[in-house]
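Alright, structures below, take your time with them.
First chain A sits with chain B, and in the next complex the same chain sits with chain C.
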Partner chain A sequence: MKETIYITGASSITPLLPQKPSPYTYTAQDIPPCTYTETIRSACKEPDYKAYITDPAARRRMSRVVKMGLTAALQCLSGAGEMPGAIITATGLGCLSDTEKFLRTLIENKEELLNPTPFIQSTFNTVGSQIAISTKNMAYNNTYVHRGVSFESALLDGMMMLAGGEAESVLVGSYEELTATSFDIQSRLGFFRKGGKAGEGAQFFLLSAKEKSPCILRDLAFAFQPTPDELLEKAADFLLKNKVQKADIEMLISGDGGNEEEFTFYDKIEKNFPETQVVKYKHLTGDYQTVSSFALWLGTQIMGKADSPKKILIYNHFRNINHTFILLESRFDK
Partner chain B sequence: MHFINELKTHIIEELNLEELTPDEMDIDLPLFGDEGLGLDSIDVLELILILEKYYGLKISTPKEGKQIFRSVRTIADYIAANQQQ
Partner chain C sequence: MRIVVSGVGTVSAIGLNVAESLRALAGKKSGIEPLSLFESGHKGKLPVGEVKADNRMLAEMLAIHPGKTISRTALLGMSAAQEAYGDACLPDRKNEGLRIGFISGTSVGGMDLSEHFYADHLQSPAKGRLRQIISHDCGDSTEKIASRLGINDYITTVSTACSSGANAVIAGARLIKHGFLDCVIAGGTDALCRFTLNGFASLKIVDEYPCRPFDESRQGLNLGEGAGYIVLEKETNRYPQSYGYLLAGANICEAFHQTASSPEGNGALLSMQKALQTGNLQTKQIDYINLHGTGTPNNDMAEGNAIRRLFGATPPYLSSTKAYTGHTLGACGGIEAVFSLLAIKYGLVFPNLNFTTPIAGHGLIPETEYGENRRIKTVMSNSFGFGGNMSTLIFSAI
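This part shows the complex of A and B:
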């Protein structure tokens, strides 16, 4: 992409990580070291939603994940001068608790006497629409539901809009909630038997082609079910395309969360960058379809000071299927 | 009416009026409009479901609903009158 895209705002509602004022206050040392044996699920530390969603009439219909997503978006927009030219959201499973409530009532009441609210709020684009209603923003509004590449698809859409001059700034974010039912189903399917951890979270970003910030979103790449060797090839092509040498990557944010069944690819990539500092985060957040948005948030927080890494590579894959790379660059790297 | 507290509880739970308790809910307060609880058209559907689900009563005409759903008292009156029939 020819246009330089800056990340001018970032917010996160996430489990466990010590809260620090955003932006650009984290260092790699702030991330507690990876210990794989902690509990196998992570629930978000939630803010007081009343402070952000002040209208009780609006708040009362919102499920937990809707409040989480909307609040993260409002936090991200709080310092923004102008209204974004697009609202692009991403989710793997959407508003689960409302979906579960609707389906449960459907069965219990034999398809009769169904409450309208959980049905209305169970759609994937609920958060995107609530952001539009709450900020009175009638611009382009889209939601991506593409399993393990939902967030990256939203990010790509936002980057293309900026590169094509369709907007000067775009709001891109993701949200995911972990409910007791989804945790039980995932456990039964065996997703956590080899060290994986369930999680949830909401992250939002304001991307701008006009306003500058210390953090540049350089590029992203996808790979679908590659072999380990194909993945390395993909990584090499990605760096080449962006005129970056392996040695230039000062930090690798790796999605390895201690799941033995997913380790091969992370190991391959980490060994491919032997000189690079590796930071891991899934022991804090757990794993979910849009968790790479947390890695991006972490990257934006770490980057931006004079002594920060100049280039950060984010690598993640979701259950060995969808693999993604995101390249961040410091504006001071000139 | 002995069931008024139970009715208030159903309304609070089904409409997610989380900041209200049954004791705080004035039975004569209008349910709709700025001077009342500020409920809307989706809430009407929820109220219709409460009548059907918990009291076995069906509202047949929309005109009827306007009178019934004016306040908690009017809903309770409707339940009392129709359940006795």
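This part shows the complex of A and C:
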């Protein structure tokens, strides 16, 4: 992107990692080291939703992921001055527990006497809509639902809106829940046969073209089903387009989560940046379609100090098919 | 930079392609019939807009091996996207080096298969055919369609309930305007399934009779299925033919209620106003509105009130095509974009079937006859969805 886009707010509801009170306080040392010995399933540490969703009736109606997504969004917006000019959400599987609940009663009750609430809340745009309703925001509202590029599609849309002057700030975030059924299915599909684990989480970001912050979201790139060599070419093109040398990338946040079947591409990219410090995180979060939003959150926490890396590259792929790069820059004013 | 539409493709209850759809529209032939597609307590009773081809026939038409498990959402999408892609002559334009994207809207994804899996899975977690669940997510149909067309520069999926298709078009135009892509195939696809049929039935907004959009006696919607895609291009591309410009798109959220529209139509009004503003247009320049017009008491009251507030005593030609196709959910923004472009290209106004009496509140009278040789330069197409996600597209003649 030609325009400079700042990340002025970030929030995360995620399985592990202490929630520090203020942003930009992390260093790479704060990230617990990789251990893949624990359970293969990560569940979020959830906040007390009462503080965010004050209406008890509304809270009761909402499924866990709706509360997680909405709360992460409200946490991100707290302290923000103006209302964002767009709300863009992303999710791979959406509101799974409500989808399952409606399907179950549909089958068990043989299509009779169905409660519509889980159906209503099963739609993929439920969280985006609830954010709009709860903040009374009638602006642009979109939801991207495409596997490993859901979150990056939302980011790209938001960045273009800022670049084109369609909005001065945009709220972009993702949410994913792991249910017992989806975990069963993933296990049966053999996703953890060779390592890795299932996870969930919600991350939201406020992007601004006007208000400055220590973290600049420079650019994104996508690759669909590339060969390892095509991926390296894509990475090289991406750096070139942004006038960045390999050696300028001081930190690589790699999506390698210990799954042997997904290792080839991560290994290729990590080896492509031999001088770069590599940070991994999926041992904390588990893997899910929109997990790269956690990598971005981590990036925002590391940026902005005198000794922060000047440039961070985030690389992730989902099941070897959807590959994405995000380039961050630190802006530090003494 | 202006965005040109160079190709269109659609499949719905009124036709397996654009030519068939046009014939049905002209012949006032609705595709709404009692449910026959799958086993359900509603089978043989509830009227729906089924695409008149089962999965086997669709696979055969697409030359896909019948043994392959592919969701109906993907099959319908392939059919319409392929028609649009071919219509824009993209298979013969490989040497132009275009960066092509595919953006699809869907609200159910591969649910038509997952609901079978889940019924078995409920009996025991070890049960259920895995090949019926791997296409559950919305991205699956998009990737299958894109792979068939050989598109890999950018592929993504939008899901904002019934405005998904329209929002895919808006997102696609933005990607071209910002120079990220040169050409985008955008629209939506959705298949009928037990999940959505029972979902809408549980909300008590499904009519047991053929739907009557904008009629005082309307009782609800008929669900439909299908797909519609349009090819968006940079004006400077060497496209062989054109249907019109995509002048503007507006996406807003009414932020009122998860499923209902405000009766006075605040969201619909804002959506149409914003589209006019973006396109730098006056209300008098709009020649025809392809209404969202689902036939539910709530939508047709809210949308009509918004039209009255915006257009006053002399609104343009109005009609809902949902009494032909049923409400195709995530696909309707795509299908109705195709219809709107056909209206411009051939000077047509499509009839609003099953209308006799205006709604007391706003008294709007939609067109009831097929109109030919009309001066249709600019068309507005509305798509409103659950969650208050409301979108308006405006197309104009070149």
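The criterion applied here is as follows: the second predicted complex is superposed on the first by the 331 of 334 C-alpha atoms of A that agree within 3 Å, B and C clash if a C-alpha of one lies under 4 Å from a C-alpha of the other, contacts with A are read in each partner's own complex, and residues count from 1 in each chain.
Operating definition for what follows: a contact is a pair of C-beta atoms (placed from the backbone, for glycine too) under 8 Å apart; a residue touches a chain by one contact, two chains touch by 3 or more.
For clarity, every value in this text was computed on a predicted model and none was experimentally measured.
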Which of chain B and chain C A:G94 touches, first, second, both or neither: second
First (chain B), second (chain C), both or neither touched by A:S78: neither
Chain B versus chain C as contact partner of A:A57, first or second or both or neither: first
More chain A residues in contact [chain B versus chain C]: C
Partner chain(s) touched by A:P116 [first = chain B, second = chain C, both, neither]: both
Chain B versus chain C as contact partner of A:M138, first or second or both or neither: second
Which superposed partner A:M160 touches (first chain B, second chain C, both, neither): second
Which of chain B and chain C A:F222 touches, first, second, both or neither: second
Contacts on chain A seen with chain B and repeated with chain C across the two complexes: 114-116, 120
In the complex, chain A residues that touch chain C: 87, 92-94, 99-100, 102-104, 106-108, 110-112, 114-116, 119-126, 128-130, 132-133, 135-147, 149-150, 153, 156-157, 160-161, 163-164, 181, 184-185, 188-189, 222, 224-225, 289, 321
Contact footprint of chain B on chain A as seen in their complex: 56-57, 60-61, 109, 113-117, 120
For the chain B and chain A complex, residues of the former touching the latter: 14-19, 38, 40, 42, 45-46, 49, 52-53
Touching residues on chain C, where the partner in the complex is chain A: 40-42, 106-107, 109, 114-115, 118-119, 121-122, 125-126, 130, 133-134, 136-139, 142-143, 146, 152-161, 167, 171, 174-175, 177-178, 180, 194-195, 198-199, 201-203, 251-259, 267, 270, 385-389
